[in-house]
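The two complexes that follow have chain A in common; it is paired with chain B in the first and with chain C in the second.
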Partner chain A sequence: MEVYPHLLAQGLAIGVLTGILYVLVALGLTLIYGILHIVNFAHGEIYMLGAMGAFYCLVVFKLPFAATLAVILVASLLLGLVVERLVFRSLRGQWLQLVVASVGISLIIQSLGWIAFGIQEKNVPSFFTGVVSVLGVRLPKERLLAAAVGVVLVALLYVLVYRTKTGLAMRAIEEDEETARMLGVDADRVAALACAVGFVLAALAGAFVAPIYSLNPGMGLEAILMSFLIIIVGGLGSITGTVLAGLLVGVLQSVGAVLLGAEIAYGLVFVVMIVVLIVRPAGLLGRA
Partner chain B sequence: MRRSMLAFSVLLTLTVGLAAAPTGAHAQKPFKIGAIVPVSGPAAAFGLGVQRGLELAAEDVGVFTVAGEKYKVDVVTYDTVYAPDKTVAAINRAVYNDGVKYGVIIGAGVHPPILPIIRETGFLDFAFAAAGRQITNPENPTAFRIMASSDQLYQTYTVEIAQKLGAKRIAFLGPNDELGKNDAKAIKTEVDKMKAKGVSFVAEEYYERGARDFGPALLRLIAQKPDIIDTDGSPTGSIALIAKQARELGYNGHFVNSTAVLEAKAISDIAGKAGDNIIALRIWANPPTKLYTELAERHQKKWGEAAPGTLWETYGAARWLIDTIVKVSTFDTKKVADALGNSSYASHPFGPASWGGEKAYGIKRQIVIPIPAAILKNGKWEPFDVRSGKFE
Partner chain C sequence: MKRGLLALVVAALVILPPFGQPYVLHVAIVVLVNVVYAQALYVIMRMGYLSFGHAGYIALGGYASALLATKLAVSPWVGFLAGGALAAVFAWALGAVTLKLRGIYFSLSVFAFAEVVNAVFRAFEFFGGPAGIAAVPRPALFGARLNTHLQFYYVVLVVALVSLVFLYRLQWTRFGFTLLALRTRETEALAESLGINAARHKTFAFVVSCFFCGLMGAVHVHYLRFVSPFVFTFFLSTDLMVYVMVGGLGSYWGPILGTVLLTGLGEQLFAAGYYKSLVYAVVLLIVILALPGGLISLSRLIGRGGLRGRAAPVDAIAAGER
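Let's look at the complex of A and B:
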């Protein structure tokens, strides 16, 4: 097939926008791993709950968008605090038990989701329909909005982790929890906060992605698989690495599909990721 | 004290009496039909449609007599999650543990590993699977396909739709599995028949099941300027997203969806106006029979939601099966299969039904029922065509 420059440009644009969506979904996962060293398998289900929350608030209860975001934010924050207090805290440091616990939470939420939300796909109507055309490249407005939110959340998370005292405490725990405690850091409080923020990020990602995709209780699975791929390639716990890996996956998928076809591009992503991990086992920006 | 003793004695007598009495339930033996289908995971809607179709059929059949004994249908569900390994485990459990000899099994992809079990045990399989000549062939005399096959659908409609729309360039976007690969071949064969009229097959792409981003695949297809994009058996959520994302990329043509039963409201909710001009086969814009409407209403009342698309064909097949068993007066699956294959059934929810496909598959195990096509306009299905489904 002949590849026209505008087709390549369109592919690149779609790749970048899709990549930012991946980053948006993976951010909370990287935070929870980075601070608590927990591979949170329930992350995909929190993302699903955020999307379903958006559906029920906006479509069923007809709440305004701001109120919807507030409800999702508060609910996910509380859920994060409860899960951290009841499950994660008592298992801290026990890697395998934490994996089992988070898989369990994930399965419980998903099973309850099928019962509570039903089998029919759900949809949140888009507030920003249509496309913006830039030099012949078509950019869907709702994806632009989600990308903008993604950029803002990355910036906020960066500020929280690298420019605040709480962030300093988080990084101290990440480095050496015992020493941090001796220096007066309330590790339990900081860990609870990190978990809650991780849950909030996942739920908000779900809420902003909801108008772009259709929703069902199984949607978290695809999200978690892609998120794991991204945070591992980016370097576990690295925010910048997550951003780089998300964009890389998005662009590889899209431009690869234009050049080679979607079927080959799907495999190509994994080939490139394996090569990256062979060359840099800790990921793009991870520490060995 | 005496009063307590008396009350206790009365209760005890009642309990023992009730347990010993030949109640209605105990008077009949169970006739087990398996719903070997996904009832969890992304394909759960298909499986629940089958399960509920069987339950409604069981209600309507009530008690039936075979060789002087009374029976009542007992629907037993085995969740396959649409995965081959779980389907193998499910059918093993059904056949060897629970003595189930009849059932509905969903999925072309899950069939290859269970076909040896079906052949060995004579399990009578009502296959809900569009693709796969390996299911319907003389080696599997007890496997009946109870939905239109994709070969049948493409034979019936590809030329018809292209001519009706005046389309010259046809592209294909299907799932990256056996169904997608099989159907790409089927549509190419049909498009080739129109070569002389200037109609050509211009591109094919595949996506992974469960995908939500179709932009990359669509880019390559749209660059070929197709008039029709055939989306194969993409489910409702996928076709809605395909339509939405294709329109965002500037595509204005039609979509044709072959094997999946689509929900108009869900497409409209997800894709809005972008969902217009999706032509879906197997969709009735107007109910074809009274029974169809009645089942839809009963489902809505009982389960509080619109009936999944697999409900009606399952119901029809189950009623047809029980009728045949009563006629031949045996549960021997091979004898029942022979009788069923040579029978026709007037009370199918879609209209008169029979078995065909002898020329294509070498055995009459493909259901022949009227096949409708509908087109989505403003969030509602409008009639596009109805064809006999006659298949050779």
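Let's look at the complex of A and C:
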């Protein structure tokens, strides 16, 4: 029984580290939802492309680490701009069509992924090997790195949304798009930017988890499921809510897996979502 | 004209199968099963709601009947109804919580629900684990098991026709029209101001939709004779959505047209799964962007086409945020 609290602490720590990565993916969704009012189903596939991109750049083409990140960043940025321009913009205001279109994009990317990448699971060697021990809790360095990058990216997003003029425009559009347009905000440009930033966050999250998991083209589905649970729990469109809910879900899943097993933990997260929907339908920090 | 055409189609569905090869019968069964799934999904899409998890309710029905038949030797005929009922109960529970909220909460919750259902079936040995449940028996009639494709085809045909007629009649009831009125937030507010309990109507519609999914899911599993967590996945949920959107949201016949074209042709043309979903998705995007009313709207463009008949009151449903 002595090992017990120890395992729990380990689960808690891993949960927080995983939660930060969940937050990265879910924040992109939140941003896109806030501005474009789309729940972007293709988000998980962008995450998958980021991970696959890391594999191809690092393992197949043997690019240096920085170049890999640059390639992924630019590619996901462009993809975001293209998808917004070609699909989302022409369907604005029709939420059903928009969501279905994003499902279509997701299916296209995923089936192309299976065709191009094959069903063989891919593995990326660790960026950093080794383990850090804190108070008896052992944390792999690569997970710490991924989490640290996650924290930096989340901080950058906060700066973008709350400290820049573009961020002000984003929040204005979220508040009241019509008025924002009348006051001269270029809503189309802001929407394109939000979409691109969301895609970049998802792709970078994918790149940093690449050494942690085995990769296959279907990996986006689990990521998107967790992200959906998170944005519902946190409150649709709320950035701080998403951050809190992401950490909560990460910890819940990890500690739950230690105590009850992985599949039950999965169900537990779902139960939490239902409870939140009953008690606080708009989510922890969402506005009704 | 329309009635004549319909009678002709039904007559063909009844008379022709004995002359068909087993493979043709297999395709016919798959198409009929999918038509019911799509039409059931259409009940809630018609009121402006989107489900990413109908496969979860189909799986509930299928697993319920398979477990009853293999563990307790309950007759599949009872199992079919039990499957539908179980799916309906779960639909009621989730719908009562989420259908009061904005549509997107509902869509995401249903998606999460389906994934959790799948995870639970995978996790527990009682449900067969990842391998699933094998040796699910076919139903028997007058003491004889319906083991051939032809015999089972008629089972599917009867269940499908009864379901389709019910869902068609439902559309033209007061309840059916009310659902149509709930498809945007503005019209919903209007309906509520007239004393309509929107949440209750929506929940009931979802229950009806899932009942038929569970029912047909049970029939489907007894056709396949096995079920596993990999039979009813997220991709079934999205396929159904694709059928409805490609066929067209504006008319009862849209989802049927979409399903028949895409499953009927898709099964034949693209044996490899990934190419199939790629083609489906490309067709979906083209239709959404270029032909918002779906393929069925072409029949109105052509003029007094055969399927014109009593057009539903709207062409492309669901403008505005749900």
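As a working rule, the second predicted complex is superposed on the first by the 277 of 288 C-alpha atoms of A that agree within 3 Å, B and C clash if a C-alpha of one lies under 4 Å from a C-alpha of the other, contacts with A are read in each partner's own complex, and residues count from 1 in each chain.
The working rule: a contact is a pair of C-beta atoms (placed from the backbone, for glycine too) under 8 Å apart; a residue touches a chain by one contact, two chains touch by 3 or more.
Being a predicted model, the structure only gives us computed values, none of them experimental.
Trainee: Following superposition onto chain A, is the placement of chain B relative to chain C best described as a clash or a fit?
Mentor: Here the two partners, once superposed via chain A, clash with each other.
Trainee: Figure out whether A:Val131 sits in contact with chain B (first) or chain C (second), or with both, or with neither.
Mentor: Only chain B is touched by A:Val131; chain C is not.
Trainee: Once the structures are superposed on A, label A:Tyr4 by its partner contacts, choosing first (chain B), second (chain C), both or neither.
Mentor: first
Trainee: Classify the contacts of A:Ile14 with the two partner chains as first (chain B alone), second (chain C alone), both, or neither.
Mentor: Touch partner of A:Ile14: chain B, not chain C.
Trainee: Output check: A:Trp114 vs chain B and chain C. Expected answer is one of first, second, both, neither. What do you get?
Mentor: Both: A:Trp114 reaches chain B and chain C.
Trainee: One more residue to check, A:Leu236. First (chain B), second (chain C), both or neither?
Mentor: A:Leu236 contacts chain C only, not chain B.
Trainee: Kindly classify A:Gly261 by the partners it touches after superposition: chain B alone (first), chain C alone (second), both, or neither?
Mentor: Both partners, chain B and chain C.
Trainee: On the A-aligned overlay, A:Leu168 touches which partner chain: chain B = first, chain C = second, or both, or neither?
Mentor: A:Leu168 contacts neither chain B nor chain C.
Trainee: Output check: A:Val276 vs chain B and chain C. Expected answer is one of first, second, both, neither. What do you get?
Mentor: Neither partner.
Trainee: With the two structures fitted on A, what stretch of chain C runs into chain B, 92-100, 128-136, 200-208 or 254-262?
Mentor: That would be 128-136, the only stretch with clashing C-alpha atoms.
Trainee: Where on chain A do chain B and chain C both make contact?
Mentor: Common to the two interfaces on chain A: residues 111, 114, 221, 261, 263, 266.
Trainee: Give every residue of chain B touching chain A within the complex, in rising order.
Mentor: 40-42, 44-45, 48, 176, 203, 205-208, 210-213, 215-217, 219-220, 223-224, 236-237, 240-241, 245, 248-250, 263, 266, 269-270, 272, 305-306, 308
Trainee: Which of the residues in chain C come into contact with chain A in the complex?
Mentor: Interface residues on the chain C side: 45, 48, 50, 52, 94, 97-98, 100-105, 107-109, 111-113, 115-116, 119-120, 122-124, 234, 238, 241-242, 245, 249, 274-275, 277-278, 280-282, 284-285, 288-289, 292, 317-322.
Trainee: Taking the complex as given, what residues does chain A use to touch chain C?
Mentor: Checking each residue of chain A against chain C gives 37, 39, 41, 87, 90-91, 93-97, 99-101, 103-105, 107-108, 110-112, 114-115, 221, 225, 228-229, 231-232, 236, 261, 263-264, 266-267, 270, 273-274, 277-278, 281.
Trainee: Which residues of chain A touch chain B in the complex?
Mentor: 1, 4, 7, 10-11, 14-15, 18, 111, 114, 118-123, 125-126, 129, 131, 138, 140, 213-214, 216, 218-219, 221-222, 253-254, 256-258, 261-263, 265-266
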